[in-house]
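Below is one structure; the comments refer to it alone.
We call the chains A, B and C, going by the order they appear; numbering starts again at 1 in every chain.
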Amino acid sequence: MHLLLSVLDLAGTFVFAISGAMAAAHRRLDIFGIAVLAFATGTVGGITRDLLIGATPPLAIADPRYALMALGAAIVVFFGHRLVDRIQSPVALFDAAGLSMFAVTGTIRALDFGISPVMAAVLGMVTGIGGGIMRDVLIARIPTVLQQVELYATAALAGSALTVLGVTLDWPFVPTVIGAAVLCFFLRLMALRRGWHLPAPRVGK
Amino acid sequence: MHLLLSVLDLAGTFVFAISGAMAAAHRRLDIFGIAVLAFATGTVGGITRDLLIGATPPLAIADPRYALMALGAAIVVFFGHRLVDRIQSPVALFDAAGLSMFAVTGTIRALDFGISPVMAAVLGMVTGIGGGIMRDVLIARIPTVLQQVELYATAALAGSALTVLGVTLDWPFVPTVIGAAVLCFFLRLMALRRGWHLPAPRVGK
Amino acid sequence: MHLLLSVLDLAGTFVFAISGAMAAAHRRLDIFGIAVLAFATGTVGGITRDLLIGATPPLAIADPRYALMALGAAIVVFFGHRLVDRIQSPVALFDAAGLSMFAVTGTIRALDFGISPVMAAVLGMVTGIGGGIMRDVLIARIPTVLQQVELYATAALAGSALTVLGVTLDWPFVPTVIGAAVLCFFLRLMALRRGWHLPAPRVGK
């Protein structure tokens, strides 16, 4: 795998794991609950993607660095959650960073395994949103992807679609990857800070 | 795959996706939340089955027509949810139709991959109930399969067991498939409209 | 597979299935809901492990004895739940027994499939906690692994880590396996009866 992709994938795991660990800390779980939620949030998206494309054992199981990232995030949160909590809505913000990196790395890994461009974009989105869904299901909350009339999966799909476009049209690799991640992060940040959203249907019931 | 099975599988994806999209619309999710819930409800049963029998990448990932069915259902619901809502309990009804088709197609696909008859019937049931479970878990509701003292998984198992029986005894293919789907749909409809159910234990606590 | 492992794996399936079936009975589900929750609780941990290590179809799908164990547990609970309920907190107790057996068998199976020692211990823990998580998610409860400041995943990890240690250092097989399972069960029991726990962070919010 390209070095930039490895770095993004491990960094995505770390920030997602921070998001899961903070959610666990807010629920006053013990150090082990924090570690479990950090690991689940950081790796479930990529594991789901790898199961779907038939890449077993998944990266996050075969490569111990992913577990180390999650463990590091759990330790950071256990000792430093007060510092992290000074950031406004840290769970959502670290989630947004992970979403952006995973949408891009997930898309490229799916393309590498011969998945068609359209489904590769979908798989990139799944990689991005999977960890957050698992985090929210485990603490019995309606997943962010569903509960808010806000850009979330849309932001991930924008990032993964731009990645597919760039790879297909043979754009320079590094700017494409970084540009797609930045696009996703920007859209999600605008959703969080400015309330950007898609239209919702009006239903009687 | 036999043409009838392809048609049933795609039709099952569409009606399950309608069920998921209507559930999303009732929760006032945006167009993208509707699309995500449509895709999840329509494909998770089949994806789970394919992962369990080792058929990766799963049909719903490898074949873009499944995603198209889900997208179509999301668009129908976004623009036409008022029309769909004139049907009595549309989520449950479209769910019942998907349950019936998937119980049959899931069973036959498991048999094709060399799974034993008993476990093929179980996998057919899993294919049928998986999408609805995912839909309900994602909107933080106790899954239909568990919350009601009503025929649900039983109906799916009746359909998949009849399919196994017919295939094993070499009955004519088309009537077997249609008969099994109709049996499942009839049982589930009677459960919804007449309250047919299995006995429940009386527990003190 | 070593006979002792087969016995532990099937026994673990049975006791986990009892735990799931009792949880279903307490929710007044019908016989089929009981069977579904028994099957899910008894097999999801092992199925998840097998998917992650690439062993498809998973044991619990390929070998009908697992489904038989779950069915047996469902029947025992349907007719005998009053007897089972005389035990103090039966759901948690049978869960603890299953946790202990699966932590050990899951670890050894992962090692057999060439997973590294550290990730094999993690997979053993996942095998142990997976079924209980699925049971709790399906009945819309925060999973035990997260909701209590009590030893749970920690107990499973202690068992799986001791298993990895014993296998790596070539300790005699049978005492290692039994000792590791007893260690996990003892830790979980002390957590349930005496409230043993790990430290939790103090968070402002």
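One rule holds in what follows: a residue touches a chain if its C-beta (ideal position, glycine included) is under 8 Å from a C-beta of that chain, and two chains touch if they have at least 3 such contacts.
Protein names from UniProt, one per chain: A, B, C = Trimeric intracellular cation channel family protein.
Just so it is clear, the structure is predicted and the values come from calculations on it, not from any experiment.
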item: Proportion of interface numbers common to chain B and chain C (over half same, under half different); value: different
item: When chain A is superposed on chain C by its C-alpha atoms, the rotation angle in degrees, nearest 5; value: 120
item: Cα-centroid distance, chain B relative to chain C, in whole angstrom; value: 29
item: Contacts with 2+ other chains: residues of chain B; value: 51, 56, 137, 140
item: Touching residues (chain side chain C, partner chain A) in the complex; value: 51-54, 56, 113, 115-116, 118-119, 122-123, 129, 133, 137, 140-143, 145-146, 149-154, 157, 197-201, 203-205
item: Chain A partner contacts - residues on chain B that touch it in the complex; value: 24-37, 39, 47, 51, 56-58, 61-62, 64, 67, 77-78, 81-82, 85, 137-140
